[in-house]
Structure formats: structure tokens, C-alpha cells
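Pasting the structures here.
Each of the two complexes below includes chain A, the first together with chain B, the second together with chain C.
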Partner chain A sequence: MDALSMGLVAAMGALATVAGASEDIESDVGSQSNPNSQVQLAAQVGNPHRIYNKAISGEPPANALWATTAAVVAYTLITKFAMPALFAIAIGASVAALFNGVFSTSAYFGRNASQRRFNQWIYLDIVRYTTTSIMAHAWITAFCITCIAYIQTQLLTPHHPFPMPVIALIWGLTVGAIGSSVGDIHYGGEREFQWRLFGQGLNTMLSGQIVRKAEAGLRNSIDNAWFCTKLGGPLTGLGFGLTVFLDNWRTTVFDPVTQAGLAIGMGLLFVILMNLYNFYVETSIRKKYGPYPGYKGDIAA
Partner chain B sequence: MNFDALTIVYILEIIVGGLLVGIGVHFVPVGGAPAAMAQATGIGTGTVQLAAGSGLTGLLAAGLMMSVTDNIWPILASGAVGAMIMMDATMMTGGWIYAYAVGAPFASAKVNYDPITGYSQPPYVAPGTVGQGIPTVCFVSGTIGAFMGGLGGAMIYYPLMMTNHNPSLSALFAIGIFLVNAVLASWNIQGTIEGFHDPKFKRWPKAFRSCLVATLILALVAVTITGGA
Partner chain C sequence: MTVGGGAGGAPSAIDPKKLRIYGLGGALVGIYLAAILNSVLGTDIFSILAAAGAVAAAVMGANAVRRVCGYGIGTGVPSIGMLALGMGIVGASFGLSTAEQLGVSMAGVIIALIYAMVFGYIVGAIANKVMGFNIPIMEEGLTDLSGAGAMAIIGWSYAISGSLAYADMVAKVFNTGYLAIVFICGGLAILHPFNANLGPDEKQDRTLVDGLMVGSLAVVAVGLCSLATLSTIAAIITIIVGVAAWYYFYVWYYRLVKRDAAAVVGTGLLPPSAL
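Showing the complex of A and B:
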């Protein structure tokens, strides 16, 4: 282990944290992934709305596409045109953001046009000022992930054998999987249904009854991004940051050639600790919240 | 290329890797879109996406290990541990949102008592839902699933690398074989499962058979591609 490598791993962890947070907020401001099923359903059950509606695909393939596009462009610029890495990655991320803008706009128009029979309108002001926000967040995600891929392949020792675009593809898939598993719950489980009783999941009977009014005026996706930035985004960042940092920390602190056993053992220790911690969280919230008052079964709490 | 005894060993390793991925997916607690609204137990995303996210993180770890050693055991272990770290970090941070943002206790609707902790489940299932959050049994099951997925990914990558000595080609082919098996398993469980305690888990022999056939074909194709190396 040397000081530079440790610093690089720390930088990767920080970049991953930012990438995770921006990925989740991108999916919230554009309304992508699982909670978008409710946005899609809302108009069909008589609740037309002003929420952006872009489910281009699941978050992992979408983010894999942005990250890989950025990495391919950056890699080409660095290797064929000898461009400084930082500029090359910034240009790559810009190309990825443009792709994102094209997909987002066509998804919004396509989805809302198909719901005309349910009285769902296409709002051009929403397209104008939300699309740029979505693209900006996609830019941050693509930039950070391409930076991680660059560090892993060019700077960190031992250099990763996979080429930059393949690493960006894998981290893009991973950040999408984490964003879709962590941050989405804050958007779908909390923000979309704020008028129901607090402290429970969404009752199936209430599907599609999303909140359409904001603190002032009608709610749009920028309001949702404002709310999800408080917890869903940062926790997604933490999840992805932990994954990147812990996974690389153990092979940097312990030499993978001579201390492979220690590197693997340390990983196992992290896994055991996280299992125990989840058990602690489960036990503490069961005590704190208690069973649901309306429960009439014969199994004791 | 030479089709010798070693090639047959490589084909077998790829098949075992594919089967590990296929069965491992059955362990991962995914609730699909309803779980994102805290309407179902498990992680709020799709099976394939989460399995791919964790298994491919393991593949990155395995790839790094294989660049410094040819010994198969640290490569496999590294892949498995990398995948487990990703899965556990995801479930842990997702659990925080269920616990501290949605404010719902973790509960499974498939069993009356958690097989590991013995905690009662039905009193904690919110009305109108089929459970929420990630109870201990789901967390442990997810960890086992990630272990198998990461191990499987590494076990597919290792023989490919030994055949073509090209990390990028091997990685992409491993991703492809991984996704085929994950998708087959996902169809088998119809998209959602809570883990090894879920009645749907008993369907695994069907996934085993279909993954066996699919991976056999893919393995035969994979070992013939030498990548010009």
C-alpha cells in the first residue's frame, strides 16, 4: 500500500458517492424506474399530472449506456487525440448527456401522447426546464463513473485489466441497480404518496393516487428532486460509495499477490458486519414502531 | 483451436458458473416495482438488474485478482466477496429508507415467523400490502445469492481468460452468459421472490435445467472464440 493508491481509492469512493446521488436524483427528476409505474398509472385512474414521465428503460441499462458512451468517447479522445484526461472525460460526459436528452424527450412525448385518451396533456414548459435538469444529473453520473474507470485502468496499481468502457459499463449497471433499489423507495414509498397514513407501505387500493399538488401550485418533477435530494439521493450515493470504496480498499491495503487471503477475509468481515447491522436495525424499529393497530390475526407480536 | 481435455474442463467450469448464477438469482430478495412503494417485501428493483449489478461488481474484483495471479481460488473468492459487498451495501442503505423515511418495520408476508430470528411477521405487515423492507432472512438469503452470483461470474470469466487471454473479450462474454442465466431464472420466479423461504424457491429445478441447456450451448461457442490472441 502506498499513499497515492490510498488517496486514489478515497477519491474513487468520493466520486462514487456523488455518482450515486446524482444517478438517483436523475431518475427522480425524470421519474424513471419502478415508481414511474405509479406516474404512468395515475392518468389512467383519472389523475392527469405535471410529473415528467420518462421510463427509457430500467435504471441499470440506462446508466450503463450513459457511462459507456462517456467512457468510449473519452477513451478515443485520450488514446487517439492525446487529449488531457479531464477534458476528454468532460466531453465524453457531455455526449452522454446529449444522448440522455434525446431519449428523455422522446420518452416524455411518446408516453404522454399515448395517454391522450386519459386526458393527459403534454406540457412543453415541463419539457423545456425539466429535460435540462435531467441531462445535467446524467452528466454528473457519467463524468464521475468515467473518472472512476480512468483511475482504475490508468492510475491505481495494480491497473485493472478491463478496458475503460467495460469498467464504465459495469459500474453504470451497478449504480443503476443501487439507485433503483435504494433511492427509488424514497420517491415511490414516500414522496409520491404523502397524503396517506405515515409509517406503512402503499396500500394496493391507493395505486395511482399520486400527490399532484405542491407546496405552492401544481407539483412537478423539480419538486420531487428537491425532496429526494434530502435522503434518497445521499443514501444511494452512500450505497454506491461503500461498494466502490470497500471493494477497492481491501485490495489496496492488502497486496492481492501476497496477501490475497487477508483481502478476501476483510471483505467477508464487512459482509458479516453489514448482516449484523441489518439485524440491529430490524430489531430496533420493531421495538420503536410496534405492530400495526388494525391487526386481527392470532399470531402474537 | 485444440479441443482437448482441458477445453472440456473449461466448458464444465462455464456450465457450473452459469448454474450458480441461475440458482443464485433465486436467493436474491427482489420485490420488483411494488417494493419501491413499500408494497412488497424485498429490494425494490428487478431481479436481473440487481443480480447483474452485484455479480458484475464481483466480476470486476475477480478480473483484478486474475491480473495478478493464475490461482483459481483467490479469483473465485474475490468475485464472490465483491458481489456480496455490493449486495449488502445496497440492502443496508435500502433498509434505512424503509426504516427511517417510510417508517415501516421490516416484515415478510410469506412466512409467519422469520426462520432465522424467530420474529413474528403478520402483525408487522402493513394493511393492503404483502410485506415491506428486508427482514433478516431476506438479508441473509440475498447475501447467499450474491455469493453464488459472484462466484458464478468469476467461474465463467476464469476459463474464458484461460482460453483467449483477452480480458475485455472474456469480460464481455462473461457478462453475456451471466445475463442469459439471470434472465432465465427471473422468468422462472416471475420477477419477484423473497429468498429461500419463499414457496417460489421450490421452482429452482426448472431453472437448473434451462440454465444447463443454455449455458452448455454458450460454453461451446465461448471456448471456440480465441480472440486472435
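Showing the complex of A and C:
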């Protein structure tokens, strides 16, 4: 272990925290992933809306695409044209953001056009101001993840044996998976069903009955991003940042070849500690806030 | 590209058999034409033809996703797209490396296609019989998807490597990591069209034009990669053709969206019926 490697690991953790936060907000501005099913259902149960419907795919493949696009462009510019890394990564992230814009708009147009019989209109003002916000967040995610891949393959010793685009693909899939499981709950569980008591779960008969009206006027996706920036985004950032930092910390402190046992043992210790903390958080929340008013006892499956 | 272009225009359904011939035939013609013209003329500027062939295969794959997922697989659309490319990559690697071993690297594409389609049929049979999906066209759909995935991987990889030799593929596409973008862009080109147009009023022509549009975007991506592996002129040709095709198909797609949507408005409140 040397001071430079530890500094690089810390920088990777910080970059990952920013990437996680921007990834979650990017998906929330467009209502991607889990909350998307309710946005899609809303029109079908008679609630047309002015919320963005960015059905690209699950978050993992979509983010893998942005991160990989940025990485291949940056890798090409660095290896072929000897361009400075930060400049090349910024250009790569810009190409990724343009790709994101194409996929986002085609999904919004396509999904809403396929709901003709439910009278779901396509609003071009939403396309204009929401798509740019989505693209900006995708730029930040792609930039941070490509920076992490660059650090791992070019700066951190020992260099990672995989090529830079493959590392970016793997981290893109990871950030999407974490954003989908951590941040989406804040939007899908809370924001879309704001008028219900928190923690009751979603009854089937409430499917599609999402909140469509804001404090003033009709709710749009920028309002949702504002809400998710408070908790969903930062928590996703924390989750992804810890994943990147702790995982690289243990292989930087302990040599992965000569001290492999210690590195694996430290990984197991992290998993056990996190499980214990999760258990504590859940039991303390149940004690403080439960049982929920709608709870009628466990129903046999 | 013109082969896949047969998909659009008419609102009536296009027969899957016809699309299969266009898709797989277009891919084979594109890849072989590129390989023969490049080797005969000693250049690499015809690599774009292989990329265009891959677009035709991806559009056929998008139609197969549409048919299989029409049986009510909504959230499984992205998964089946990834599965297609997963099966395709196995078929492509097997075909190209076997052909290299046998000393006939030009036959690699055909071996890959046959192997991938047999592999896809087996995966489809397992999905239906063992896992109990019970979708009547599962075997047929996955056979198509696996073949489309293999052709997409080979076509776009050829546009980066400029050669069908397995050693060149490994050096220029696998070791550089460019396979990652071929995989994920190819996967999205197959899964995105139906996923983005999912809904009760989905129309086949709109979905397939979306496929052509996303496929053209993948051509741009592999063109950017080929800046590092091929001659600059070949890479620029791929990028320019990709951008032009993308613009053309995006405008066409938007026209079909305006045709199919309940209303396309500049701004406004909810429809009067919903207020």
C-alpha cells in the first residue's frame, strides 16, 4: 500500500458517490425502471398525465450503455490521438449524453403513441426541457464512471487486467442495479403515492393511481427530480460509493496476491457488519412506526 | 440498409418469414460483400457494408422480440434482448474460431449462424419445456434472436476489425474492450424498439423503424471505435453514413409517432376528458 494508491481509492469512492446520485436522479427525471410501470399504467386506468415516460430498459443495461459509450470514445481518443485523459473523458461523456437523448425521446414518443386509445397526449414542451435535464445527469454519471475505469486500468497499481470499456460496462451495470434497488423506492413508493400512509405497501387496486397534480398546476418530472434529490439520489450515491470504495480499499491495503486470505476475510467482515446494521435499522423502524394503521395481521400465502 | 428498409411505410403487418430472409440474408450479403471487396481491392473502406448488414439482422431481432414478448412478457423485454446477444456472442466466437482452426476463415460467418440458430432453438426448447413458459413461438423466436445476435456481433465487430480472421477479432475487438460497446449497443438495438413502443396501440412499422434508427446509432458507435483500428477514411465513412441513416430514420420515426399518437401538442393541460 502506498499513499498514492490510497488517494486514488478515495477519489474513486468520491467519483462513485457523485455517479450514484446523478444516476438515480437521471432515472427519476425520466421515470425509468420500477416507477415506470405505474407511470405506464396511469393512462391505462384513465389518468393521462404530463410525466416523462423514459422506458429505455432496466437501469443496468441503460447505464452500461452510457458508461461504455463514454469509455470507448475516451479510450480511442487517448490511445489513438494521445489526448489528455480528462479532456477525452469529457468528450466521451458528451457523446454518451447525446445517445441518451436519442433513446429517451424515442421511448417517450413511442410509449405515449402506443397509448392512443387512452388519450395520452405527447407534450413537446416536456420533451424539450426534461430531456436536457436527463442528458445532463447522464453526462455526470458517464463522466464519473469512465474516470473510475481510467483510474483502475491506467493509474492504480497493479493495473486492472481488463480493458477500460469492459470495466466501464461492469460499473455501469452496477450503478444501474444499485440505483434501481436503492433510489427507486423513494420515487416509486413515496412520490407517486404521496397521499397514502407510508409503509402500507401498494394495494393492487391502487395501481396507476399516481399523483398527477402539483402544489400549483400539473406535476411534471422536474418536480419529481427535486423531491428525489433530497434522499433517493444521495442514498444511491452512498450505496455505490461505499461499494466502490470498500471493495478497492481491501485490495489496496492487503496485497491481492500475497495476502489474498486477508482481503477475502475483510470482504466477508464488511458483508456481516452490513447485514447486522440492516437488521438493526429494520427492527428499530418497526418498533418506532409500526404496526401500520392498515395492518390486519399476516395473511397466509 | 435498404434491405432492412423494406420494413417501413406500410401499416400492414410484415410476414416474419419475409423479415427473416431480409434480415439474415441482408446480414450475410453485407458481411461477405464487405469482406470480399476489402480483400480484393486491398482496402478497408467497405467495412460499412458489414455494419449495415448487422442493422438488418438487428431489425429482424427486434421483430422476434416483438413476437415473443407479444405474449405478455413486459418486464422481460430487456432480458430477452440481453439473452439474444449472449447467445449470439457464443455462436460468433464458436463460428469464427472453428473456421480459423479448419483454415477457412471466410466460412466462419455461416458456421456461426448455423451454430447460433441451433443453440437458440435448444435454449427456446429448455425455456418452454423445462421452465414452463408455454409460449407457442418460443423456440422459433429464440432461434431468430440467437441468429440475429450472432450476425449483429459479427457485422459490427467486422466494422471495427476490418477482417474476418479470429486472431484479428481477438486483437482489435476483444483485447481493446470494443466488444463491450458492440454487445450493449447491439442488445439495445434488438430490445429497445419493442420496449420503447410497448402498449396496446403498438404498430409494427413504427417499432421496426425505431429498430433501424437505433441500429444506425450503433453504426455511429462502431465507427467511432474504428478510428483506432481502421484507416481514418474508413472510420469517417462509417460515422457519416451512420449519422445520415440515423437522422433519416429518426425523422421517419417521428412522422409515424405523429400518425399514431392521440395528439402531439406543443404544450397544454391534460386532455379535456381527464381533467
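Just so it is clear, the second predicted complex is superposed on the first by the 290 of 301 C-alpha atoms of A that agree within 3 Å, B and C clash if a C-alpha of one lies under 4 Å from a C-alpha of the other, contacts with A are read in each partner's own complex, and residues count from 1 in each chain.
Assume a residue touches a chain if its C-beta (ideal position, glycine included) is under 8 Å from a C-beta of that chain, and two chains touch if they have at least 3 such contacts.
All figures in this text were calculated on a predicted structure; none of them were measured in a lab.
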item	value
Partner chain in contact with A:162 - chain B first, chain C second, else both or neither	both
Touching partner for A:236 - first (chain B), second (chain C), both, neither	first
Contacts of A:76 with chain B and chain C, given as first, second, both or neither	second
Comparison of chain B and chain C by chain A residues contacted	B
First (chain B), second (chain C), both or neither touched by A:124	second
Which superposed partner A:14 touches (first chain B, second chain C, both, neither)	neither
Which superposed partner A:112 touches (first chain B, second chain C, both, neither)	second
Partner chain in contact with A:58 - chain B first, chain C second, else both or neither	both
Partner chain in contact with A:262 - chain B first, chain C second, else both or neither	neither
Residues on chain A lying within both footprints (that of chain B and that of chain C)	37, 58, 61, 162-163, 166-167, 169
Chain A-facing residues of chain B, complex	32-33, 35-40, 43-46, 49-50, 52-54, 56-57, 59-61, 63-69, 71, 74, 77-78, 81-82, 84-86, 88-106, 112-113, 117, 119-129, 132-136, 139-140, 143, 167-168, 171-172, 175
Chain A-facing residues of chain C, complex	75, 77-78, 81-82, 175-181, 183-185, 187-188, 191-192, 195-203, 206-207, 210, 213-214, 217, 221, 224-225, 227-228, 246, 250, 253-254, 256-257, 260-271, 273-274
Touching residues (chain side chain A, partner chain B) in the complex	33-35, 37-38, 58-61, 158-163, 166-167, 169-171, 173-174, 176-178, 180-190, 192-193, 198-206, 231-232, 235-236, 238-240, 242-243, 246-247, 251, 256-257, 260-261, 263-264, 267-268, 270-271, 274-275, 277-279, 281-283, 285-286, 289, 291-292, 294-295, 297, 299-301
Of all residues in chain A, those that touch chain C in their complex	37, 40, 44, 46-50, 55-58, 61-62, 64-65, 68-69, 71-73, 75-76, 79-80, 95, 99, 102-103, 106-107, 109-125, 162-169, 212, 218
